[in-house]
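Input: structures, listed below.
Paired with chain B in one complex and with chain C in the other, chain A is shared by the two complexes that follow.
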Partner chain A sequence: MRKENIFKILLAGLFVLVSLNLNAKEAEEETTGKIDTKTGVKEFLGHHLKDSHYFTFFSDGEKGEHYGFPLPVIIWDGGLKVFLASKFHHGEELVELDGNYYKLYHSKIYKTGAEGIIEYGENGFPTNEKPLDFSITKNVIAMITVAILMFLMFWALAKNYQKRSIPKGFSRVLEPLVIYVRDDIAKPNIGPRYKKYMSFLLTVFFFILILNLLGLTPFGINVTGNIAITLGLALVTFIIVQFSGNKHYWKHIFWMPGVPVPMKIILMPIEVLGMLTKPFALMIRLFANMMAGHVVVMSLLGLIFIFQNWIASPAFFGFTLFISLIELLVAFLQAYIFTLLSALYIGMAVEEHEDHPKDHGEDIPVI
Partner chain B sequence: MDKLINDFSFGLFFWQLAILIVLIFLLKKFAWKPILDSLNTREEGIKDALDSAEKARKEMQNLNADNEKLLQEARLQRDSMLKEARELKERIVTEASSEAQEKADKIVAQAQITIQNEKNAALADLKNQVAELSIEIAEKVIRKELSSSEQQYRLVEEMLEDVTLK
Partner chain C sequence: MEIPVMVGAGLIVIGAGIGLGMIGGSAMDAIARQPEATGKIQTAMIIIAALLEGIAFAALFAV
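Entry: the complex of A and B
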């Protein structure tokens, strides 16, 4: 009973914090730029979805102050340049380094002239040169946090087994998840050679899961909803799949057995394309799901402030709560799907002939 | 699509890959390997325990069956032994009784023979004594009454008459 209460309080606190955050931001836009709430919400949402060079907890619009801390900026532009993001003053000031001027514009660093003018191309995006930005951004901080968290959690679990065969405390929560990944994701999809891929599958599953869950906290972190992150994850899967591919796998791609020669030639580019679309789908699925979730939750929260009356606001609060719970499910689901599909692709690549002798009609001509 | 490409951050991509790969290898060494090994050992331990329990149960069953069989055998043996003993007893009894009968018969027969013999001996003895007595008497008579031959004759006749009477 007490634990449930704590959970409820935490949940309530989450929403209050997010609300405060939004409220402050929106107010800031109102006072400084004379922007209406609608645009403010939109702007805030856009900022939330993007990576940032600041770790901002909340901002006070009326005083124009941001509560948080700046993160280090590391850029490569004819040499390594490191400075704190506070130099940008939230994009208000140019940073001059070795005769070059850098401007922070919509969470991106651009090279500008001394006046700091951003030029726009035909598609409405800045055409200014972008230096290679290796900054420790908010997302990087989040990932490092998750990495440390995971290391501590699973190290504790591993140490737990040295003392007793059944873990105690929080490790007891992690154990069934580990067993779940092993027994329900790796084993059925990869087959007898699953052991080699367990480290990757477990790491990716918990990495995505914890980042997804972190995205639901009021810190405004949107890591898994960033295409660079999902690209990285999908790329690792892609590389692992290609490197574990056995003779049968490559034969199926380049010279499909059991079909006539003209079909073999037609199938080859299709299979090669399929090789690439699989990780591509992985990348887009995770990215789109997480981003869409954030957009929906933030938009519903924004609606509370747009309507600002006693009937609509509680109603949208309810909606937000409902969607957040669905997002909680999605957080687990997406981690599961990504791991499951990775396992499936690996399984397809390592599958041996004798593993499933029945459903392989290779030696029998189809026509 | 343009927005996606514009928003793509190579730096973030780089950091993500670096963190993920380092994390995979770190966790592999410090967490996944020991965890999965321990899980395996534990599961095998449980499986072994279940197997041995099943084996013990089967052994117990076999033992029970053996015991039952042994008991059955013992019962059968007891029964046959009892039967044998009873037969033996009867045989001994009949044998003993017939032997006793035989012995008794034999003893009786011997006794009869002995009696006959004794009787014959006694008769012979008596006859001898009678003969001696007769001779003595005859001597005496002869001595006493040898004077008269008539008397002698009479006496002999009387005496002989007596003898044949027997």
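Entry: the complex of A and C
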């Protein structure tokens, strides 16, 4: 079969999956009745934003069936315990292991008694003990997929350069992006020592970009809209910045030159705080942007089922399409901004005085 | 959500909107004055916009 045909079939499959997904949602809403539609949409949104122990393609609300596959649960509770999430039956049944009972409640695993009762504290949150959860969840699956995908893509690109100077096939798409990251992000912001950080910047750029784009597919894997993952990414940037900081960087934080001594003492804690707020802002920015995008798209889709008439449905379909296109832009923009700001922070840390001869040297007129 | 909280969220969005408008407007002016520096101006504009957006989101999440 020719390549174009395979692509067409894949595209058709994607559309079928989208329509099936919508049908399934519609069926779900119909059974719950008009009064419950709002709560139904809210629940659907909540489930979509959260990480899950199941990989669900679509659900049939009428039969109460979920089409997908369960993922392995790995918990540490006085020993490593591994089992499939299908044992939970979507939170309906308890899992008994070595005399302990575990219950899946709102996508989280709690340790319960034999009756499976979840106790609530004063603030309405469950007080049950939680075992350490190392499960391979939906997000982990997505990240592993992206890692493998990136490895294959860039391995092919690297192989291409061994044979010829101009890459072939999909590598032609990657080459300009790689050069863009090098020439427009790394070089101007890091300076002459950019080569050392290229691997990190490229990895983080493509990792975020592909995960963002994956979040827009009907699978709806909300990985970059999960604060734990953006925390991990921001932490890596933070560690790299601190470890590549030269003596000027530390001097400007703890004992900045050209400032009177009492001022230095006042400024020092502020500078230390500034060191921490940079990765914090990185974390919040990516998380909030991606989560807000998902909420907007899903809310607009949900409005179709709340209004349920012939005028609102096409209008909200159009809105959803429009917002989805904006989200496509945001997916690229957020990957770019995360990489750009990482490069900027690294650049601040590795900057030497000789890097800007024009700022300090011959161009300044001597009075 | 209570009404004061909603009003606060609205104010945050208004503030962020004004800020983004000012950044965009200044960038347009700058590009019109010096079209050859478009790339640099765009990069600076996006950095500032991202910082503003970060603050706006932080405030919205505090709400």
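Methods note: the second predicted complex is superposed on the first by the 323 of 367 C-alpha atoms of A that agree within 3 Å, B and C clash if a C-alpha of one lies under 4 Å from a C-alpha of the other, contacts with A are read in each partner's own complex, and residues count from 1 in each chain.
One rule holds for everything that comes next: a contact is a pair of C-beta atoms (placed from the backbone, for glycine too) under 8 Å apart; a residue touches a chain by one contact, two chains touch by 3 or more.
The structure displayed is predicted, hence computed values, not measured ones.
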First, second, both or neither for A:Ala228, with chain B first and chain C second:
first
Could you tell me if A:Ser165 is touching chain B, chain C, both of them or neither one (first, second, both, neither)?
first
Check the residue A:Arg285 against both partner chains and state whether it touches chain B (first), chain C (second), both, or neither.
second
Partner chain(s) touched by A:Ile337 [first = chain B, second = chain C, both, neither]:
second
Touch test for A:Met198: chain B only (first), chain C only (second), both, or neither?
first
Can A:Asn128 be said to touch chain B (first), chain C (second), both, or neither?
neither
Once chain A of both complexes is superposed, is A:Asp184 in touch with chain B (first), chain C (second), both, or neither?
second
Name the contact category of A:Lys50: first (chain B only), second (chain C only), both, or neither.
first
Partner with the higher number of touched chain A residues, chain C or chain B:
B
In their complex, what parts of chain B are in touch with chain A?
2-4, 6-17, 19-28, 30-36, 38-39, 41-42, 45
Would you mind writing out the residues of chain C in touch with chain A in their complex?
39, 43, 46-47, 50-51, 53-54, 57-58, 60-61
Inside the complex, what are the residues of chain A that reach chain C?
184, 188, 281, 284-285, 288-289, 292, 333, 336-337, 340-341, 344
Residue numbers on chain A that touch chain B, as the complex places them:
50-51, 74, 108, 123, 125, 132-137, 139-140, 143-144, 147, 150-151, 154-155, 157-158, 161-162, 165, 175, 178-179, 182, 195, 198-200, 202-204, 207, 226-229, 231-233, 235-236
